[in-house]
Amino acid sequence: MSAIVGVVMGSDSDWPVMSDAVEALAEFDVEVEVDVVSAHRMPQEMIAYGEQAAGRGLRVIIAGAGGAAHLPGMLAAVTPLPVIGVPVPLRHLDGMDSLLSIVQMPSGVPVATVSVGGARNAGLLAARILGAGADDGAAQLREKMGQFQQGLRETAQAKGA
Amino acid sequence: MSAIVGVVMGSDSDWPVMSDAVEALAEFDVEVEVDVVSAHRMPQEMIAYGEQAAGRGLRVIIAGAGGAAHLPGMLAAVTPLPVIGVPVPLRHLDGMDSLLSIVQMPSGVPVATVSVGGARNAGLLAARILGAGADDGAAQLREKMGQFQQGLRETAQAKGA
Amino acid sequence: MSAIVGVVMGSDSDWPVMSDAVEALAEFDVEVEVDVVSAHRMPQEMIAYGEQAAGRGLRVIIAGAGGAAHLPGMLAAVTPLPVIGVPVPLRHLDGMDSLLSIVQMPSGVPVATVSVGGARNAGLLAARILGAGADDGAAQLREKMGQFQQGLRETAQAKGA
Amino acid sequence: MSAIVGVVMGSDSDWPVMSDAVEALAEFDVEVEVDVVSAHRMPQEMIAYGEQAAGRGLRVIIAGAGGAAHLPGMLAAVTPLPVIGVPVPLRHLDGMDSLLSIVQMPSGVPVATVSVGGARNAGLLAARILGAGADDGAAQLREKMGQFQQGLRETAQAKGA
Amino acid sequence: MSAIVGVVMGSDSDWPVMSDAVEALAEFDVEVEVDVVSAHRMPQEMIAYGEQAAGRGLRVIIAGAGGAAHLPGMLAAVTPLPVIGVPVPLRHLDGMDSLLSIVQMPSGVPVATVSVGGARNAGLLAARILGAGADDGAAQLREKMGQFQQGLRETAQAKGA
Amino acid sequence: MSAIVGVVMGSDSDWPVMSDAVEALAEFDVEVEVDVVSAHRMPQEMIAYGEQAAGRGLRVIIAGAGGAAHLPGMLAAVTPLPVIGVPVPLRHLDGMDSLLSIVQMPSGVPVATVSVGGARNAGLLAARILGAGADDGAAQLREKMGQFQQGLRETAQAKGA
Amino acid sequence: MSAIVGVVMGSDSDWPVMSDAVEALAEFDVEVEVDVVSAHRMPQEMIAYGEQAAGRGLRVIIAGAGGAAHLPGMLAAVTPLPVIGVPVPLRHLDGMDSLLSIVQMPSGVPVATVSVGGARNAGLLAARILGAGADDGAAQLREKMGQFQQGLRETAQAKGA
Amino acid sequence: MSAIVGVVMGSDSDWPVMSDAVEALAEFDVEVEVDVVSAHRMPQEMIAYGEQAAGRGLRVIIAGAGGAAHLPGMLAAVTPLPVIGVPVPLRHLDGMDSLLSIVQMPSGVPVATVSVGGARNAGLLAARILGAGADDGAAQLREKMGQFQQGLRETAQAKGA
């Protein structure tokens, strides 16, 4: 089975953050592909990646970037797929620049933004999105998400008294 | 056909912002239901709304709230569906409190956050999510989104020289 | 004697911060119960905790949480008791997200917010609240708080010349 | 019956904000006194106000101030009573200065802070605090707060579909 | 003579801000072309604009955008020309999002950022850049800039005593 | 000769920051007294300190505090002397809370605020203030400040090429 | 009698803010001179103004500026006199840029910063500084400041009950 | 060949940041001179540096400074050359003060601002500016910049799959 979620990042230095997204999707047995696609250093390839994503069978894109983080928004501009943006915190400003650069998209081109450094949640959001479909595979994923949430609950309860 | 996207808001004073989401989904012929569901004033009903959403046939939830905006995150806690959060700006702090209250969710429970006041983008993101499915309806929506993006381009080009 | 202050937190990782509240209340011989009650991972139990708090004899709730910190506000929504919120600082944004998520509550549902990481003050505030009652126990607590403040003064003076 | 809640503000220009606290307490039939007590323009009187508050029968103090808002914290330093702080927004900085000046109190001297401009919630918090007592009057107030919350719920529900 | 400075903006709603850049360059008799080139609505054309800019004879690009403002950075990624970014303030956040999205570019791809709404300064910076050349035209521009600064001084002095 | 500058701080934990003020004044042979005077833990003594400062021969007060930093402003309220405020950075929020709590004083009661952690500059500012007098001692201090500035210049130049 | 306080501003558009400083000093019968002295538009004259200030008999300088507000700090660099900085709020960022540009001075060159738009307090601070001298005129000013503060108190008290 | 880019900084403690600018220009074989020129400690020399820069053959100035960072703006005020400002982050506030002090210049005097700590980009921007000229040297630099960007792309691609 080929990848249905593409996880991309602006730089390989984002990997320690972004690997959480891949791991979360692995827990849901979702096939993932990972790539470095820099909006600023390889803009043409980035555009091509976005334009071809749906045709290659991807159904969700997760894009992480830091600072003036343009990757999620630019991909959202060239694909009809849902794009999830992960603000990667850099050395200064604690990710506030990354967050605003990703979330404050203009009308017409949405990016589904998660928390600063929240790549695990990006993976889980992708699983929810795939589980929102009308087909059987979606229903199975949705059920799996319900079980995952039940697991969260049990772990949290176990930590209580 | 019954609603597949639920648009909820913490207060009816959020409607002037949130109506943009409904309008965007109408452009994509997506069936929508609208409700006031306050996390703080009717918490039990809010929980019930979230718990029953998937079973009632909803596939995406769009939730808008301002200030200490807990509605999107609380709904995400009780549904396996993707939840889109719209930070509604209030009189003070320009929506920064709403944004951080929605986007900074803990690991395990993602909210797909859009820009401050970005309800139109929330609607478009819901359409993208519905278009990410594996079935024919999704493919049609995805194509429609491509046409919509083509329309954005043409309008923008017409404004250029 | 059973607990009259409930100290809850969204995650056991909040304990190093929140333990200060418990310690402060111990100095005032106030009976406390401690629990992990996550708004996002165990929402139904969280709602139940709040709904039952007054009936179980609790008179004040102290709730600590970080990031999109919904626990204090959600508890305040389902109990008539005073709820004290402690913004727990996370790795990014220095607790500003936690602070705004807790303090910016909508009209109708107040949370008594203390400083970022200020769990000791949350405990002292609970003692003040318990000391605001009309009964003898309250009068004793109020006097004890006066002595505590006198102690603060003497310690501070001893540090001066 | 004499006042049991003191509502004070740094300047009479804070009254349009602070009157909401008085109104909220009137809904709960709580006897209130109102005064202008400026930390910076009449510091000795401010100190005296705080020192005498408990002896005069006050059980909660609500203090509103803007900018470098020192009134709530200074009162908390000279009374064992719970002090609720209301950050009043001024012309610049949108109340962020008021909020931080009130909420970031040092260990030992808590202020129960509410949202920027949130005087109504300050009144409701005072009612909750008075309702946390062990006597009958407290129990009545607590029940009244439950009814109030039920009213919030019904109003919110009526706004839904 | 053909244009040597390209002034572009993400939306025609940016024109009231961006027209100041054009006006400033007119004062220096620099030939300018103006266009709407949206990074998000017409990404391929935007890339093409940047790639062709140097070849078409442009020597400086001024790009204005608001919110998650990607236009200046994306153009800088596809041209070797200096790109000046103008953060256009939108309805919320006072241009802070625009500023951070433009100025916080990653290493390798600089954008020369001016103040929020500072399009006039963008024009003047372009004139300074053109005046930094080694040829005669540059020397003339540089001298003109000196005269302009002399004019600023005289106007300011006239306002003094 | 008795002290003419009083250096006070809210807590002895502020000493590592505040000692720079004392050291700077020692370089100008200005007699200094140092004390811990907490606005929140010993408010009556703090008020007394301010009220008596001028009578005791102090001519400038330097006050450092962190978080909800009320010491400089409260002293300014009870003395006609110039009060210099030093925002001491605490563990969270990087001193922004301290800065706003000190600088945003209401009309009528000024505090001369220096940078976050800028105690050395507070000392130098006190020296400038003492040098602004009409007497001979002031003239000498003013000249000394001129020499000090000359020294800064020479040190800086020596670091250049 | 010649002026002993110089009030300068970067632009005549700052006058509506800065006139409050002049008015406050008039209440204390302090002789003032007013000028537009732009750090950026007439830098040489600005430097000359600062260098000559003490020699011309000025004893305090009040400087107001907005945005990247360099005037107060640059004057402080070329005079041994105390310089009071007034952050003038501009159209965007609510004076936060002005405040940080003025208050965050490097070690060695202090600026006595007042609140955003706080020109009246700048005038009062100048009066306090002049009152800190060892001569008779200073003693008179100090006494006058005490009376002024008494007036503030009486006005505030009159507003109370 | 003599230097055509001047790299200056307010303090030698800025060198670890600013050396990146020098290194970047060395990669483009651009002749550079480096100096410590403090706006606040040696203002006259700083003014002289700026006034003489163009006459000495400099064509671009890169200026780095932290906190109330006045160096770039003051140099821009006394030279017709393009000035690039590098916000150097200090111990507190993460460079936000430096950024605003540099970028928010008033109309008439632009500074080309790069990211917090972005000295390498300042060097690259200087190279782009020098490459914007009409002469042969500029054309060569422009081509070199194209090759540099090609190198960025290849390095980034090599990091991808």
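Order of writing sets the labels: A, B, C, D, E, F, G and H. Residues in every chain begin at 1.
Keep this in mind: a contact is a pair of C-beta atoms (placed from the backbone, for glycine too) under 8 Å apart; a residue touches a chain by one contact, two chains touch by 3 or more.
This structure is a prediction, so every number in the text was calculated from the model and none was measured.
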Chains touching both chain B and chain E: A
Reference interface B-E: repeating pair among D-F, A-H or G-H with over half of contacts shared: A-H
Mean-CA-position distance for chain F and chain E (Å): 44
Approximate Å spacing (C-alpha centroids) for the pair chain D, chain E: 51
Multi-chain contact residues (two or more partners), chain E: 11, 41, 67-68, 77, 93-94, 96, 103-105, 108-109, 111, 115-116, 149, 152
Chain pairs that touch, as defined at the top of this document: A-B, A-C, A-E, A-H, B-C, B-D, B-E, C-D, C-F, D-F, D-G, E-G, E-H, F-G, F-H, G-H
Contact set on chain H toward chain A in their complex: 89, 94-96, 115-117, 149, 152-153, 155-157, 159-161
Residues on chain E engaged by chain B in the complex (per definition of touch): 11-12, 33-38, 41-42, 45, 67-68, 91-94
Partner chain G, residues of chain F touching it in the complex: 54, 59-60, 77, 80-84, 99, 103-105, 107-116, 118, 120-122, 124-125, 128-135, 137-138, 142-143, 145-146, 149, 152
Parts of chain A lying in touch with chain E, wherever the complex brings them together: 10-11, 39-41, 43-44, 47, 66-68, 70, 73-74, 76-78, 90, 93, 96-97, 100-106, 108-109, 111
